[in-house]
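In the two complexes below, subunit A is the common chain; its partner is subunit B in one and subunit C in the other.
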Partner chain A sequence: MNTPKKQTPTAVSLERIRKISRTLKLLLGFFFIAPMLMVGLAFCQAKAWPQGCTISGVHYATFSEVPAALRVMLALGLVWYVWTLVTCWQLLNLYGRGEIFSRANVRLYQRLGHLIFAGGLLQMVAQAAATGQFRLWPDTGSGSWIIGGLFVVMIAAIMEEGCKLREEQELTV
Partner chain B sequence: MPIIVNLDVVLAQRKLRLNDLAAAVDITPQNLSILKTGKARAIRFSTLEAICETLQCQPGDILEYRP
Partner chain C sequence: MNASENSPPADSQSRLQRIKVVSRIGQALVLAVLVFNLGFSLMFSHWSSASQWTLRGGLMLAFNAVLLVWFWQWFQLFGQYGRGQIFDAPTIRRLKFLGALWIVGWLLVTAEHFAATPATTASTPLATSTLANPGTHPVSVVKHSVHFGFFSFDFGTGLDFGGLFAGAVIVIVAWIMDEGRKIKEEQELTV
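This part shows the complex of A and B:
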C-alpha cells in the first residue's frame, strides 16, 4: 500500500500562495475588469450620461461640459487604471506559478509602487483640474495613495535584497 | 573567481563519476555540477567533509586559491 507523500512546509506555503493568487485573480476580474468593460461598453453606446456624472465633486450634465484638461486627466486615469490592472494580473500569474522571489517579481512590484504613487498625484491634479483650485497638501484619499506607493517601492527594494539572498542560497552547495 | 575547484581532477584520479559521488555525499548531481563548474558561491563544511571523506582527500586537493 503506497503511503501518501508528505508535503514539505515550503510546498504547503507555495500551494497556499497559489490558491490565494487564483482567488485574487477572480476578484480582480469581478470587481475591476468587468465593471471597466461595462462602463466602456455603455460609454461607446452613449448611454453613460442620462443624468450626468460627477467627477471629483463637480457635476456635469453631458460629456461636452467636461473641461479639456479634465478629459485629458480622465484619459490618463484610464491608462493608469489599465496599466495597474495588467501589473497586478502579471504579479498574480507569477505567484500562481510559484515564483515568489524573482527578478520579475521585483520589477513588477517597483512598477506597481510607482503606479500607486502616480495614482495619488493624478488624483491631486484631477481634483485641481475639476475644481480649478490646487491644494498643495493632498487630502486623505490621494495622500494615502502617495504614501502607499512609496511603501510598495520600499518593499520592492527589500525584495530585491531577498532575491540576492535566495540566489546566494541556491548557489550554496 | 580566485577559488578554483579541482573536483573533476580528483574524481578522475579516484576513477569515480559525478553521479556516484553525489549519491555518496547525499546531494543532487545538479548541485555537485554547480560546484564542479565553479558556479558555486559557497560550500558548507558538512558538504566539504562528506566529499573529502568519500574521496579520501584533503580540502586543499579540491580547492585551490589562484589570485
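This part shows the complex of A and C:
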C-alpha cells in the first residue's frame, strides 16, 4: 500500500538547513556580485570612463593620480573580497551537507575571523595612505571590523576545543 | 569508590582550561572596548539641555544604548563559553540576540542618517535662474565618478548595507547552529 512517508524531525531539520543555506548563497551572491555589476553598469550607461574616483573618502580626478601604495591596497582588497566570498561559499556548502559543528566548519570560522580582521586593518591602512594621516582609532567602520574579527577568531578557537571535547566524549561512550 | 573515576580525563581538563583562558581574554577585550567607547562618547558628545534635544540626538542616544547592551551580551557570551556551554541552547540564543541587536543598531544609524540629511527643496539656484530668464533652458552636466571602499555595500544610496548583511548572517548562522544542536540531541536520544 502506498502511504505517504512521514519525515523524521531530523530529516525536516536537515531540509530546513539546506533551504536556508541556499537562501544565504543567493544573499551572498547579491551582496558580493551586485556592487561589481553596478559599477559595470555605470560604465556602460556613461559610455565613458569615469571622470574621477573616490577612494577611502579622498577624490582623485584620474586613476593615475592615485598613490601607488593605495593601488596596492586596492589590489589586496580585491584578493580579500574574492577569498571572503570563497570562504563563505565553502561554509554554506558544509551547512548544506548537514555539517554544522565539525572541525572543518570551525576552521572556516577561524579563516573568516582572520579575513574580517585583515579587512578592517586593510581599510585602516588604505585610509592612512589616502589621507596621509594615521589615526589609531580611525572610524567606526574599520575599528569595529578589527574587533569583530578578533571576537570571531576567539569564538572559533573556543569552538575548536569544544569540538575536540565532544569527539573525546563520544569515543569514551 | 575512587573520586577520580568520575572526573574528566587530563586531556579534556586541559582543553576546558584552555577554553576558560580564551573566554577570560575575550571578556577582558570586551570590557576594554566598552570602557573605551564609554569614555570616547562622554568626552566627544555634546551634551545639551533637554529642550535642545533633536530627533538625531535621540537616535544616537538609542544607538549608544544598543551598543552598551551589545557589549554586555558579548561579555555574557564569553562567560557562557568559559563555563563550558559551547553548543548549548542558551549560548546559541544569545548569538541570535547579538545578530538581532546588530540589525537594530544598523536601523538606528540609518534613521540617524536620514534625520541628518535635510530634504532638498525645489527652489535651487538653477530653478530660480530659469524662472527669471524664461528664454533659457538649463543644461545639466552629469559627472560620474566611482567610489571604492572596503565593506562598503551602499549601492549608490549613501547607506552602508554591510551592517544589515552582517547582522542577518549572524542571526541565520545562529539559527542553523540551533537546528544542528536539535539534530544532535535527537540522534543522542535515538542511540
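Keep in mind that, in the parts below, the second predicted complex is superposed on the first by the 136 of 173 C-alpha atoms of A that agree within 3 Å, B and C clash if a C-alpha of one lies under 4 Å from a C-alpha of the other, contacts with A are read in each partner's own complex, and residues count from 1 in each chain.
Everything that follows uses one rule, which is that a residue touches a chain if its C-beta (ideal position, glycine included) is under 8 Å from a C-beta of that chain, and two chains touch if they have at least 3 such contacts.
Because the structure is a prediction, the values reported are computed rather than measured.
Colleague: Just subunit B (first), just subunit C (second), both, or neither: which does A:R16 touch?
Modeller: Only subunit C; A:R16 stays clear of subunit B.
Colleague: Is A:T87 in contact with subunit B, with subunit C, with both, or with neither (first, second, both, neither)?
Modeller: neither
Colleague: Now for A:E168: first (subunit B), second (subunit C), both, or neither, which partner does it touch?
Modeller: Both partners, subunit B and subunit C.
Colleague: After superposition on the shared chain, which partner residues are touched by A:M38: those of subunit B (first), subunit C (second), both, or neither?
Modeller: In the superposed model, A:M38 contacts subunit C only, not subunit B.
Colleague: Contacts for A:Q110 in the overlay, against subunit B (first) and subunit C (second): which applies, first, second, both or neither?
Modeller: In the superposition, A:Q110 touches no partner, neither subunit B nor subunit C.
Colleague: Once the two complexes are aligned on chain A, which partner has more residues of subunit A within touching range, subunit B or subunit C?
Modeller: C
Colleague: Quick check on the output: what are the common subunit A residues between the subunit B footprint and the subunit C footprint?
Modeller: Overlap of subunit B and subunit C footprints on subunit A: residues 168, 172.
Colleague: Under the stated contact criterion, what part of subunit A meets subunit C in this complex?
Modeller: For this pair, the touching residues of subunit A are 8-10, 13-14, 16-17, 20-21, 24, 27, 31, 34-35, 38-39, 42, 46, 50-56, 59, 74, 77, 80, 95, 98, 100-101, 119, 122-123, 126, 137, 141-142, 145, 147-148, 150-151, 154-155, 157-159, 161-162, 164-166, 168-169, 172.
Colleague: Can you name the residues of subunit C that touch subunit A in the complex?
Modeller: 9, 11-12, 15-16, 18-19, 22-23, 25-26, 29-30, 33, 40, 74, 78, 81, 86-87, 143-151, 153, 155-156, 160-161, 165-166, 168-169, 172, 175-177, 179-184, 186-187
Colleague: Inside the complex, what are the residues of subunit A that reach subunit B?
Modeller: 167-168, 171-173
Colleague: So in the complex, which bits of subunit B are touching subunit A?
Modeller: Spelled out, the residues of subunit B in touch with subunit A are 27, 31-32, 34-35, 39-44, 47.
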